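For reference, the structures are reproduced in the following blocks.
Next, two complexes with chain A in common: one pairs it with chain B, the other with chain C.
Showing the complex of A and B:
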């Protein structure tokens, strides 16, 4: 029994001893092999990741996390660096400037300036502008961020298809070759964004503030006022009355001027195109001379001609007739007709030149055929000439309509000093653009001016769009092709 | 928005890149002491300062500005302080230039222009009692540049230099040859037509009728609110109540303002339709020079233009007079008379030849003065410039060179008699100071509309709109309401 117990413990001791010896050996082996095994582990891991990254779309996800990282795996290092710099630059901008600008765009400033005490306050207008610029920068960044992902995705597809992606230098060369349109469009696009879009959005934003004559940024803070400017235009009796009176006249003016200018221009072109007319070059010079003189000089000259002390009244008086107050406070329709006349004088030469060019492309066989069929001259004009010219010039007619709708010069120069009874800071010949000027520049109510600008934009856009989609140029595009 | 805020965009873009915002909400301690501590008189610390001086075109063209700057620069040469022409338009708005560092340090403008900078704190309160001119300037002059708009304290923001008010310009040689017998009822050797409006009306009527509408007595643009508002003020009207500060109290219909409005209508009838537009403002000099009109009103700063145009007519070798330059100057001295305005009829009827009671004409006017930009880095040098420019000697030179009326009493006494009369007008309140608040801009269009209509009505042959005093009163009440609406609708 004792022997059996002794043997048992001896065997147990051996087992334990062997276990410890084995443990020691294994431990030694573990530590001896640790570097190699670790190395092998990471090599294996790297191989796995590398396999997925190179043979799959996974780098695209990396580009979504850090801009340019996916491009690293595409071995496009310069592009990767540029994208990375964009992201870093954007983050730095947002941390140090953009955040403040965006908060400024919301608050429009909280600290009032005091120039007398030398205290510099917040400049509401600058904050609005810089906030707007920050929004533009954010939009540009989002565009670059998406383009970074799309670029990585496209490049991956090229690689996975076993092709070699473009190098950075090749990409640059493409910008001067097959992607040349991008290079050419980039400059005007940036120009339009900086010099047109940003100021337009800025003006739209102004319409939603309380920026009026009683506030003078940068010393005064302005604030968001929602739709108050629009409420003033449509709600305050005398202002809304004036708005609708001017709008009515403005639409009539735009239609009349467009029609008058167009048909006088076309008529002149037909007249000067006539085979029977001798000395065409000589006669053609006169409208061109009128066109060459700056418009405002012509308008000032007409203002003088029609003024109470001007030459027309002088001769009326000389011949014993009563003088006429052509542009006076009572002369609503006289002044309006003079405006139509002066505008026609300034604008018809350009229509004439345009129509002359179009008429030279007209197939004269059509007239011969029409003559043989017994069509009168008027019928020929109505059925051949007019549709052809109208078809070709529809976009010009629309642009004429818009520029006539917003024709600032004529009544500013002719009747800028007149204020009519029943109108709020306007004359009865003013167009919306003139009224806008008086309210925003003369009276410094920039918010009301901004609101009117938006309304003018909406009105002209709707009318132009309606006219264009109903025009032959749009509906029968192939007619004259 | 061409003259609009868009031109500021690049400047704003740049300026906003700088550090922004100290807390400007609280101003501790004695504000007056704090503000005037800028004027510690220490020119040494402003050594090398270059002051940009905004003066009017007249001062530049006449050479006076150069003389002023040279004199100042010589006097302060030891401190290296120089003053230069700011080379800006005389109507430059400090609001749009000062905050962006492109404005002048010292400005010379009319009181309404300067004082509209006060609520925005664009000009500095000035310790005017330190100036040499302080005791010589009329209290009304100082009051014009005084405001309590900031810090609940009253400060003076400008230094009066010249008084501006309409005067009568007439040609003595165009008086009727028998004027001493038939147009001098009180035998004071002054023609009746330049003493009373009723006589002027009668003479104008006579001239127009006898010439078949080619010669006129008194003529001017009757829609020009600055010049014709005075006819209403004479009879008790005012623009804003409470010394032109209360924009809720519009008083163009108050008192017997209707008489003044009727005056505009009646007098237009003896002019022609040139009085209903503003072109006569430009042609008025030649109309007087060529004898088409006998008299007109204008402000003293236009005197040089009348003289120059008249001289041109006189020395024209193909004209009527064919004088030498010397003869022309002598002729002008003798015949171009500048005097105060004729009196108005007390009963308000300028067509009444038998009216015997007359009252002084009150006309809108103003005071041009100097102010210091709040954006200047050199307040002490600016104050030194003001002291120099408003000193007796310099203002005397200015008065003589520019033919303007000084705001200093001691100069008004010793220069031309008309200057003394203008100074007295300021003292006795017949100059209605142009309101110095922004809302004035909304008064002009409405007033101009009514005045043009009144003037046109005087020339209408039928369908009269203002042929009774009741209709005129209703129109004036509407004018006050229109001005009120224009101000308060957009607030």
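Showing the complex of A and C:
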């Protein structure tokens, strides 16, 4: 019995001892092997991740989190660094400047300047402009961000297919070959964005503010005013009256000038192409002369010619007639006709040159066939020449219409200093574009000016789209390509 | 036979008519030019001293005044610094001709020759952009410049002209469209890069359109008045156009002399390259 108990306890002791020894050994080995095991664990983990990262699309997700991280796993270190720098730069910009600018674009400034107390207030215009620039920067960043993910994805696919991805140098070479268009378009796109798109958007935004002659930033704050300027234009009042009067004349002017110039130009081309005319080169020199002279010289010269002390009035006086105030304040229609004439003088030569070029492409067989069939000259012109020329020049007619609609020069030079009664800072020959100039540059009513700009855009774009889409040249655009 | 008899005098009549109309038309185009040239050599400055279209006496005095700028009717020297205006115009026009042509030609080439995703969008964008009154952007640029005191810098107009030039790429694109693609395909088989193809194949073939583009890019700032009027407000920064606009009736012959001096080089240029002009104009028009 005792023996049994002793044996039992001895065995128990042994077991416990062994257990402790084992524990000690294990503990020891655990701690001894810990570094190695840890290392192995992480190596294993690393290998698993690496396996996935190298042989899968996971780096694409990494690129989506931090720009350039995915490229590191593609072993494109320079590209990775560049993308990373872009992201860092963007975050720094947004934190230190962009945030303020963006909120400034929304509030247009909150701190009123006070010159007496010497408080430097917010400059609403600067905030608006810089806000717009920030938006552009954000758009560029988003583009780069997406291109970063896309680049990673493409490179992954190349690697997964067992091919070598492009090196950085190869990428640079591609910019002159496969991606040549990107290289070329970068500068024009940025230039147009900064000097054309941003100003246009800026002006559109101005139309929805209260920026008029009574406010002078940076001293005064400008605020959003919604559709107030449009209400001023379309509501009852002096400005509204002026707008509709000018609009009516402007549409009439655009149609008249386009038709007159087009047919005179075409007529000139036919005349100077006529088989009966000898010395074409000599005669053609005169319209080319008119074409080459800078427009402002011509228009100023005509202003001098029709001025009160000018030669035409001199002869009128010489023959005992009264002098005519051709461009004066009461001579609405005289001035308008002079405007039409001056504009025709300036613009028909270019249309003549154009029509000459097109007529030389015309197939003369058609005329012979028509003559044999007994078609009259007029009928030949009407059925063959005109459709051909009109078809070929539809885009030109549209651009002529738009440039005539927005013809600033003629009446700026002829009657730039005249303000007619019944008009709000405009003369009765002014086109919308002239009025726009007077309103914004002379009178600093920028918000109304901006609103009129928008309206001019809407009118010209609707008209030209309608004509353009219906034109045969547009329908057959693909046959030209 | 009867038909022939009656049509012979009729044919002479139309020939005479053609000549009469042609002469009248040429006279209408030539007369104002002649008037300006005569007035430029006028002995007196003011338009009120003229005998109708003709100056009372002739001399080279006005041109002397223009270039030396020493004396004036009132003895004022700095009133109309024409040579300064002329140099400003020359700088702006030359810089625009170089930068604008570069941007415009390359843009048109790429749009014509490359198929890429954004191509259609860009073309539509340019179309829409062209419909905004050019004036709108200018007013905005004017406001910005006044706010940031950036007026009176020649770089303002240069940048505005040359960076907005690519929007009018259609004429040049029309020309590049007409170059057969087979040339490029052959080059590609030979392993020529697109950049090399551009300046080894396209540029030598594009002489007419290059001349046309340089010329239009040069003459536009040379004869424009709105943008310089807005952005250059100091007399010493005026271009010729802005300067001549400030001349009153009493300085008529100075205006004429200044106009003749700025118009003659451009007119000569046009006559020398009028072949290219017509080609460029029609190339753009037909292709749209």
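In this text, the second predicted complex is superposed on the first by the 453 of 481 C-alpha atoms of A that agree within 3 Å, B and C clash if a C-alpha of one lies under 4 Å from a C-alpha of the other, contacts with A are read in each partner's own complex, and residues count from 1 in each chain.
Quick note on the criterion: a residue touches a chain if its C-beta (ideal position, glycine included) is under 8 Å from a C-beta of that chain, and two chains touch if they have at least 3 such contacts.
Model, not experiment: these values are computed from the prediction.
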Chain B versus chain C as contact partner of A:23, first or second or both or neither: neither
Touching partner for A:11 - first (chain B), second (chain C), both, neither: neither
Of chain C and chain B, partner touching more chain A residues: C
Contacts of A:350 with chain B and chain C, given as first, second, both or neither: second
Chain B versus chain C as contact partner of A:186, first or second or both or neither: neither
First, second, both or neither for A:95, with chain B first and chain C second: neither
First (chain B), second (chain C), both or neither touched by A:395: second
First, second, both or neither for A:199, with chain B first and chain C second: both
Chain B versus chain C as contact partner of A:307, first or second or both or neither: both
Touching partner for A:274 - first (chain B), second (chain C), both, neither: second
Overlap of the chain B and chain C footprints on chain A, listed as residue numbers: 123, 125-126, 129, 199, 202-203, 206, 218, 304, 307, 309-310, 437, 440-441, 446, 449, 453
In the complex, chain B residues that touch chain A: 1-6, 8-9, 12-13, 15-16, 19-25, 27, 34-35, 95, 98-99, 120-122, 124-125, 150, 213, 223, 272-274, 276-280, 283, 374-375, 438-439, 441-442, 445-446, 448-450, 452-453, 456, 459, 485-486, 489-491
Residue ranges of chain C touching chain A (in the complex, touch as defined): 14-15, 18-19, 21-22, 25-26, 28-30, 32-33, 35-36, 47-48, 50-53, 103, 106-107, 109-110, 114, 116, 122, 128-144, 147-148, 159-160, 162-164, 166-167, 170, 177, 193-196, 198, 219, 222-226, 230, 241, 244-245, 249, 252, 255-256, 259, 262-263, 266-267, 269-271, 274, 277-279, 281-282, 285-288
Touching residues on chain A, where the partner in the complex is chain C: 123, 125-126, 129, 173, 176-178, 180-181, 183-185, 187-188, 191-192, 194-200, 202-203, 206, 217-218, 268, 271-272, 274, 276-277, 283, 285-298, 300-302, 304-305, 307, 309-311, 314-315, 318, 345, 349-350, 353-354, 356-358, 361, 392-396, 399, 402, 406, 408-409, 413, 433, 436-437, 440-441, 446, 449-450, 453, 456-457, 460-461, 464, 473-474, 477, 480-481
Chain A residues touching chain B - in the complex, by the definition given at the top: 109-117, 119-123, 125-127, 129-130, 133, 199, 202-203, 206, 212-214, 216, 218-220, 232, 236, 238-239, 304, 307-310, 313, 317, 323, 325, 327-330, 417-421, 424-425, 437-438, 440-446, 448-449, 453
